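Below are two complexes that have chain A in common, paired first with chain B and then with chain C.
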Partner chain A sequence: MATVLDIRDLAVDIPVEAGTLHAVRGISFAIEKGRTFCIVGESGCGKSMTSLAIMDLLPKGAVRRASALSLNGRSLADLDNRAMADIRGAEMAMIFQEPMTSLNPSFTIGDQLTESLRRHRGTSRREAEARAVSILRMIGITAPESRMSQYPHQLSGGLRQRIMIAMAMMCDPSLIIADEPTTALDVTIQAQILRLLKSLQSEFGTALLLITHDLGIVSRMADDVAVMYAGEIVESGPVEQIFRDPQHPYTRGLIACLPNRERRQVGGRLASIPGTVPSLVGSFTGCAFRERCELAIEACAEPVTLRSLVPGHQVRCIRAGAPIEETAA
Partner chain B sequence: MGRFLTRQLLLAIVVAVNVSLIGFAMLRLSGDLAQRIVGPEATAEQVETVRKSYGLDKPLVVQYVDWARDALHGDFGRSFFYNAQVSDLIAERLPVTMTLGLIGLALALLFAIPLGILAAVYAGSWLDRLALTGAVLGQAMPSFWIGLLLILLFGLQLGWLPVSGADDWQGYVMPSIVLGLYAAPALMRLTRSGMIDVLRSDYIRTARAKGLLPAEVVLKHGLRNALIPVVSIAAVQLGLLMGGSVVVESVFSIHGLGYLAWESISRADFPVVQSIVLTLAIMYVGLVFLSDVLNALLDPRLR
Partner chain C sequence: MSAAMLDIRDVSKVFPISRGMFRGGAKLTAVGGVSLSVAPGEVLGIVGESGCGKTTLSQIMLGLLPPTTGEVTIDGQPLKSLGRLDIARRVQPIFQDPYSSLNPRQTIQEIVSVPLVVHGIGSSAERAKQAAAMLDLVGLPARFLDRLPSQLSGGQRQRVAIARALILKPRLLICDEPTSALDVSIQAQVLNLLADLRRELGLTFVVISHNLSVVEYFADRIAVMYLGRVVEEGPSAAIFANPHHPYTRALIDSALPIDPGGGIPELGLGQAFPDPINPPPGCAFNPRCPAVRPDCASRMPRLDAQGESRVACLYPLERGAVAAPASA
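Take a look at the complex of A and B:
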């Protein structure tokens, strides 16, 4: 399988008043053609910054560093703004969290759908409109021709997110990055949108980088998953492996927090992980999770590297692999 | 769209009627008009004669209804000072003031919008600071003073432009610049702040994610939304430029509506004053209506 996206040691620094915020602290992963890679973590863990860094859409002032960042074998790390703009929307496209605000209120759906094709392929307006209508039809939007002349405020949230997806598909990109694409939507619409992404992916062999905080979505969508915590990947591997045998205490905590039909008791409380994420402003060493971790020992204050327990399954915890019962203290 | 415009149009008519009513009342309350017309030396009988012949002895409501009925039939009365119909006087002066206001606004927009966009795109840079400083200076300098400076430099020193009058296009140059300088700072700051807000929005990020080039992102996706407040204010500004051109028209001795208003007030030529107030009020609500139409064209959510 061809590698679509390959990232090594990606870091994002954001200057803030108190110093430098290390939002992403050296993460590496790769996505193959037709695969879905999920990054899961709580808000502020750096997962959105990772996606924006790949697209080169970081907020002003934020600095991106990486020892490798390549798309379809071509390095993106040292492309200038113009060359990067040529790739955005053509080879990789992005779907954002808020379909309500991510569409321009002043332009028609048709105008916004055809823009990227016209920009990247120089397609005529008429041809671009024909392709937009066919994509809208393909993703199951009724009366696609009449949608083209509508404005965003005339559409429901779910419909707008479908438009965003159609927009991302216009140039047939090899990578789609979806940053919390269903968070702003109703649960029933969520399922439709996820099914749609899945079916488009299997039809076109698109690689999908799905950013989410929802492990339910991960289990439904992912081939591989990376759990991010405080700007780092703390555990990654094939999704069945991670769910069957989570090694990092944070991953275990997340899975334990999932509402579960067997475990649920009437009136019972959902599990939660106590404590808060450490500040990422300034320098930071050791395991970022140790303050909240029941298994923490003194050695956890030393730098921790990602290591493989079994091939393909990596974890950033010195205590991983050790039986839990030993650590009664 | 139709319903929105009908509502705005009805609102405009209500406002115009109210302004004429208030203007009428304030003019009558400003003192004894009959006394002012005949002058301080007149005898009591003379004052009473004038009061009767101009209908000033009738109740205020009757006076207004009489005046409004005539005005609706296109009869605005005769000027006390000029031997002419008020409508003819206004028809003669209005184009001068309108030309001046339109050129002034055009100059202001031509200057303010590009500068506002640049200041927003490069917010915090030296260019931005220069533009903001210029705006403060522009707002702080009174129009009559800039007018006099221009007359001194281009009229007297260099002799390039006529110092007064508006007999040909050259006469419009300096007054329009003065009016433009008056309107530009507010429009520039509005463009800048609107653009800064818009550039932070999610749909700008979407536009960039599509690979659109910066010029297209800013000028297509940004400007259309940033201009919505600018259009409203520009229309109001044009109203202000025309209503407030008294100063500029007197500095440059241009016989426009503002100059006529000022003359007529000092001569107690109240039919003229009354009609100018009505004319300006109608122009003003007309402009606000026009800005509503433009906004509806720019922003589909208003339609």
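Take a look at the complex of A and C:
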């Protein structure tokens, strides 16, 4: 299978008042054509910085380093702004969390949908509009012709996010990066948008990098999963493997603390992960989770590498694989 | 029924809407004819999507908005007969966003003891002591008293908001999306804290959320709202095991618990989201309902008893299954 995105040792440093924030600390992964790769983690784990680093849209001052960063075999690492602008929206497109702030309020839906095709491919306005209408129709938008002349404020949140998806699809990109694409939406709309992403992906063979905090969505959308904590991938592998046999104490904790019916009992408590994420400002060695981990031992303060327990399933924990007592209820 | 901690009788809230100079005014019915009752020590969950009126209803319960019609009583006292301070002693809110609900220039001690100052309770030494006791109750160390909100994490801030809500010893807490702004590992800590407080203090809760699994975990009873009305209400277990309203069914199906390879369910909902200023005739859910029948667009369903629940649907689902829609 063709590798669409290949990332090795990606790091992002952000200068802050107190020093340097190491937001992403050396992560590697690859996405094949037509596959969905999910990055899951909590706020501040570096998942959004990873997506912005791939698109070269990091905030001013942030520094990106990688030993490899390539899209369809072509290195993105040394491209200048103009060359990256040619790739963004054409070969890879991004869908953000908040559709209201990512659409321009003063241009019509039609203008915004056709812009990328006209810019990247030099398509005529008429042809671009025809493609926009056909994509809107395909993603289930009623009366697509009349939508083209509407402005973003005239549409509901769910419709706006559909427009964002249509915009991402205009140039038939090989990679779509979706960062929390449904977090701002109502749950029934969320299900519709996720189904739409899945169906477009299977139709066009697009690779999807889906970034979310929601383990339920990950379990249902992903082919492969990476769990991020404090700027690192702490566990990765095929979705079935990660959820059937999670090895990192953080992954286990995340799964255990979701409220659900089975866990409801009189006086019952949810498992929770004590403490908070460590500061990533300044130098940091050892397992970043050790302060919150019940299994931590002295050796956890030493640098920990990702290792494979079974082929394809990697975990960054020296205690994984050892017989583990059930985490406290 | 007089034993209810919170009783909401036929409450409606209508907002006048300006549509510009030439089109005349319109009316938006944010809450329409809602009746709910919460027993002492009970947790009522209110679920629904944006625009369903759940936040307007919470503001009415807190006495922050007067209802257009209907009456709210807390512990037997009509809210409209109580002054603001009297209401605040009985019912307190916990809001969604602990970043914007705490004054960034006040120390935690000042924030937590503000209600005592407003109510003229205690000397400053006594207030400080009570603030420390409240922090202890919500699981924060006393050294946080001198800190500013910016020095605290989201979960710690939400604990501060809970401490502030509890310092007047109210019997009823209205929590509007109490954990939506928090990470899941922190959400679990806060839910556990609320459950502990409920047990230790015998508190009554109304928990408003779009997150069904949070409500399912925490609530004894659940009310599902759609476009300003309660469409289904009943014991939490019964609602989840056997939803009768197609909208409740769709909400439950869209909750997406962990299920590797399970895919995303097709809800069969149309995209025709109703305009609250011009709600569709008949059942407001009919344009999106997967089980709609012809007379759903002409007859308004009443909230009637169905098993252990009350349901506003002309053709309630049996055993949670979507009934075969009438052939078109």
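By definition in this document, the second predicted complex is superposed on the first by the 316 of 329 C-alpha atoms of A that agree within 3 Å, B and C clash if a C-alpha of one lies under 4 Å from a C-alpha of the other, contacts with A are read in each partner's own complex, and residues count from 1 in each chain.
Note that in this section contacts are C-beta pairs under 8 Å (C-beta built on N, C-alpha and C of every residue); 3 or more make two chains touch, one makes a residue touch a chain.
Values in this document were obtained by computation on a predicted structure and should not be read as measured data.
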Looking at the combined model built on chain A, do chain B and chain C fit side by side or clash?
fit
Look at the residues of chain A and decide whether chain B or chain C touches more of them.
C
When the two structures are overlaid on chain A, which partner does A:Arg88 contact: first (chain B), second (chain C), both, or neither?
first
Once chain A of both complexes is superposed, is A:Ser43 in touch with chain B (first), chain C (second), both, or neither?
second
In the superposed arrangement, does A:Gly282 touch chain B (first), chain C (second), both or neither?
neither
Name the contact category of A:Ile217: first (chain B only), second (chain C only), both, or neither.
second
Once the structures are superposed on A, label A:Met55 by its partner contacts, choosing first (chain B), second (chain C), both or neither.
first
Looking at the overlay, does A:Gly321 come into contact with chain B only (first), chain C only (second), both, or neither?
neither
Once the shared chain is lined up, is A:Gly158 touching chain B (first), chain C (second), both, or neither of them?
second
Working from the superposed arrangement, determine the closest approach of chain B to chain C, counting only CA atoms, in whole Å.
5
Can you tell me which positions in chain A touch chain B when the two form their complex?
55, 57, 81-82, 85-90, 93-94, 96, 98, 101-107, 115-116, 119-120, 151, 153, 164, 167
Partner chain A, residues of chain C touching it in the complex:
49-50, 153-156, 183-189, 191-192, 195, 199, 210-214, 216-218, 240, 250-251, 253-267, 269, 271, 273
Interface with chain A, chain B side, in the complex: residues 201-203, 205-214, 216, 221, 224-225, 298-301
Okay, in this complex, where on chain A does chain C touch?
42-43, 140-142, 156-159, 186-192, 194-195, 198, 213-217, 219-221, 239-240, 242-244, 253-255, 257-261, 263-264, 267-274, 276
